[in-house]
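Listed below are the structures to be examined.
Next, two complexes with subunit A in common: one pairs it with subunit B, the other with subunit C.
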Partner chain A sequence: MIRGLWERETIALLILAAALPVGIAGAVEGGWAFATTFTLALAVLAFWQGVFLFARAQLATGIGVLTALAVTLLGPQGLAPWQIILGVSFGAVIGEQVFGGWGRNIINTAVASLAFLFFAFPEAVTPEPGWLIAVSSVPGAALLVVLGVLAWPIPVGAIMGIATVGLLMGADLSVLFSHGAIVFGIVFLSGDPVTSSATPAGRWAYGGLAGGLAGLLGWAAYGVGAPQTIVFATLLASLFAPLIDHTVITISAAARKRRHG
Partner chain B sequence: MRLKFRKGLDIGIPGAPRQVIDSTIPVERVGVVGSDYGPARFDILVNEGETVERGTPLIRERKRPDIAVAAPVSGMVEEIAVGARRRLSSIVIKTDGDAAVVFNTADTQMREGVRRLLLESGSWTSFRTRPFDRIPDPDADPSAIFVTAMDTRPHAVDARVVFERHNDDFARGIALLDQLTPAPTYVCHAPEMPFSSALGRALRIEVSGLHPAGLAGTHIHYIAPATRAKVAWHVHYQDVVAMGYLVRTGTLPAERVIALSGPGLSDPRLVLAPSGADLVELTRIHATPGDKRILSGSPLCGREARFLSRYHWQASVMLRDTGKAPSNWMMAALRHAAAPVPLIPTRALDYAFGTDLPVVALLRALSTGDTEGAERFGALELAEDDLALATYVTGGTTAFGALLRRMLDTLEAE
Partner chain C sequence: MTSAFRRLLDPVIDNNPVTLQILGICSALAVTTSLATALTMSVALTAVLVASSTVISLIRRHIPNAIRLIVQITIIASLVIVADQILQAFAWQMSQRLSIFVGLIVTNCLVLGRAEGFAMRNGVGASALDALGNGLGYSFILLIVGAIREVFGTGALFGHPVLPTLAKGGWFTPLNLMMLAPSAFFILGLLIWFIRTIKVEQVEHEGTAIISADEARKP
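Right after this comes the complex of A and B.
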């Protein structure tokens, strides 16, 4: 059997390569606290992958490293180890493994973990990642777009969505791209190829929806640089992604039927 | 009319053939394989030891007895193998001489005459329907006939080489299709083909682009989509050449142009050989040393077989993957699992798909066995070949073509 390149593990490794600069930037900024949280999250993810490998024959995948990175970067600070273990376990099991592993899940694992942490421990303070994270996300984004792992309509649609909402609300758009959470989140969370829409038109709609929700949550609730903003926006948008695809497919099938009879 | 295909992939596989017809390779054995003709049951009309001529009917479909499969060579029936559930596995003929049945080509100016000639000579099996890719009913009329006058599969025969030799027979074959049915005939060909100017009523569609631009599924999708109510037929250009030859001489042609290719051959090239030729005999002379897999069909969508399939015009010799077994159970468990690995949507997958059907939704419906969804996402417009590239780019862990075939069988039975 001859085999092409784009199997799941290749894509996981490419995404990890794209996230490498962010990881380095995060480690430089976060220091020791970053390292311990990251290692703990990674260990929890590896544990659950092992459990489901033996219980359900679901192959382990390297994408867990990105999940651990996202949880560390965007998660609340000063959590006790048991809180991190609980949050990451929720994300790994309910967000990913019960659906059949990465590739069959409907919400991003990191998004599920972070949403759990934000809801369960609202008293914890969540720091806003700064411009260094934003800048270090850009080369990865470019790499993923060039390789076709990140569908470019998603980030472009998201930026258009957030800008539209910002203009309507009279917000200052010039600082938008200095927020690490927004840039990292759009590329690696909203842009997750698995949980986003998969039709060409659907990707625009999905990106626009994620961006629009981020703008709404950002300027009306959490603050546009807050991790909660992009996490909840992505959570809601990816729940709508199947509906968006369904609508796009129905419309295009109807259009084809009209054209060809 | 032009069809410019912007997607598609060029996958570099070593061992592309020289596009020069080398010679006729005499083969000693030729096989007619039952599974080429779908799930239908066949009555076997010959016995072991019997002498047959080129064109002698070998098998006849039980439910539609007008449909017969003819012997591609003259010789002696050496073996009739019957497989599971008493279905025909294969009929092997030991070639001898050049005797051919001469068919009556007198009344090919009439629709009924053309049908009778094609059915009697076994040429009716050249047509396949879309949806489902089956041999059409003898009295059916298609919504359109698509002549696939190009082949973009990796290492395929360049149609130009065939047209340079058999332009007149191709035109005769197209004229025969004109008599067969009032439905439009579309000749889908690559740019700048040396056709003689007149191809009768047939509409010429110039198709450019990378594989899968040359697949019948792609052409039908963009020009006249097939549905259960609007059944399109498609036919390979070499079969049309064979029909032209049949009209001219009254006999079936003795050989077709076949590409022998792949990294396992020292001199990949085009040869003339009969349909059903023994692939081991064809490739033995030029095979490089070592363990090989001989595929009937392209490196992309071929299948390991002893005889060249009725519907393949190329054979590929691939090196057998002798991947080392993992050193212990832990490594084995990390590398392979019983459950298939999920697919991740990428642009490569979008480009691997010839049609603008929703590729991810369709492949997911196939993986989960969602028959209703698969039909809604356009499974009826496709056949195994259309998904070969998708299987390839996603790492070959899930054979989407086989899943589609199972799904089509279910949909057809409904």
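Right after this comes the complex of A and C.
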């Protein structure tokens, strides 16, 4: 990371600023239920950050607000408070804090929490965020791309991946951008600068993999607008991100060696 | 503490085969969906482990070194078949629930590990005690994981309800995740974390990091 102004919390604040319109849209659509879930998730995340701050001196980070927002937007509806506490605690501890805090984690905290909730409580109804969430994600995505926080090959690769799988399966691609979960997920979950690939070629491969998986899961299993689609696709893709980077670096090192002897 | 006592109790926490040596993980994932299956598996494995270690220790001076693994596996496999047949004869329902996992004790690294690592160069008494201790250590972990998974996955223990589930008018929603194998990984990981927080000497040193394939190939 570049020193000076660009430290970890700068990135966190920029991502939060980018997510602000989505938060407002979610609050307008979700109302009281949105507010309670969001507050509870945020409180749980703050608790675990406090625990690890004192136990392991891992600095707290503002990115927890985005995690809480993602869990509230994409998570199942009508969960009891203890279910939310359990799911978010799992994501916060297993997904983030055991690796040393945000910035060292290999899977996104919100993705870990959501995957836990989807697997643990499969009978809970999961709402599909609509076009308002999709539209409100776009300005944030533009901001993050301009500032270099979100590498543009990732969302572009993801959209190409989804479109390729969709064309192969003969699906209707025009509905893609009206689904809030897929647009929000590509920008803020798959595009998470920590858990995505970091090499130029790796970003294309990672984005394509995330999108391809989302297309497969979307059109063959959960439905393309379902939050499960993008959450599970991101979970799998981010597990492959370090391998993709390693492969890209190995190939380019071999190419350099061949070129320069 | 006498040495025999130590040999028996050491593998339960201090040198646990599952949480320290990370052996026998496969069955720890597969049979721990309920406490009853975990208990049956623990008893079967401990019995096979004690019997095989005793037998192998008895004939350890007669086993040709070049084919010792084959001899060990033959003995273990025979004992596993006996255990499997006993289970099928007296507990048919349970043997159906455990499906192939009793048969797969043959491939449990723990059994061969103790045979090769201990029984081949120690006396009969010591080998039997060591095997029993390792069996108890394995059972201890299996029962903890099994209890957690059954309570949170179904709200029951040994089939008796302990948490009032939603289906019966209570408040508890069973965690479907607990019925899937990954949950056993999480519980085992948290358990290892917990044990190593208390017993810091179990934490691996920096030097024991896994070496990469490239480093291994270096002359």
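Some points to look at:
Going forward, the second predicted complex is superposed on the first by the 258 of 261 C-alpha atoms of A that agree within 3 Å, B and C clash if a C-alpha of one lies under 4 Å from a C-alpha of the other, contacts with A are read in each partner's own complex, and residues count from 1 in each chain.
The definition used in the following text is that a residue touches a chain if its C-beta (ideal position, glycine included) is under 8 Å from a C-beta of that chain, and two chains touch if they have at least 3 such contacts.
Computed from a predicted model, the values in this text were never measured in an experiment.
Contacts of A:Ala80 after superposition: subunit C is touched, whereas subunit B is not reached. When both complexes are overlaid on chain A, the residue A:Arg8 reaches subunit B alone and has no touch with subunit C.
Contacts of A:Ile94 after superposition: subunit C is touched, whereas subunit B is not reached. In the overlay built on the shared chain, the residue A:Leu59 is in contact with subunit B alone; subunit C does not reach it. When subunit B and subunit C are set side by side, the one touching more residues of subunit A is B.
Residue contacts after overlaying the shared chain place A:Phe121 against subunit C, while subunit B stays out of touching range. On the subunit C side of its complex with subunit A, the touching residues are 171, 173, 175-178, 180, 182, 186, 189, 193. Taken together, the subunit A residues at the contact with subunit C in this complex read 80, 83, 86, 90, 94, 98, 116, 119-122.
Residue ranges of subunit B in contact with subunit A, taken from their complex: 11, 13, 224-225, 299-300, 318, 321, 333-339, 341-350, 356, 358-361, 376-377, 392-397.
By the touch criterion given at the top, residues 1-8, 10-11, 53-54, 56-60, 100-104, 147-149, 151, 193-194, 198-200, 245, 248-249, 252-253, 256, 260 of subunit A touch subunit B in their complex.
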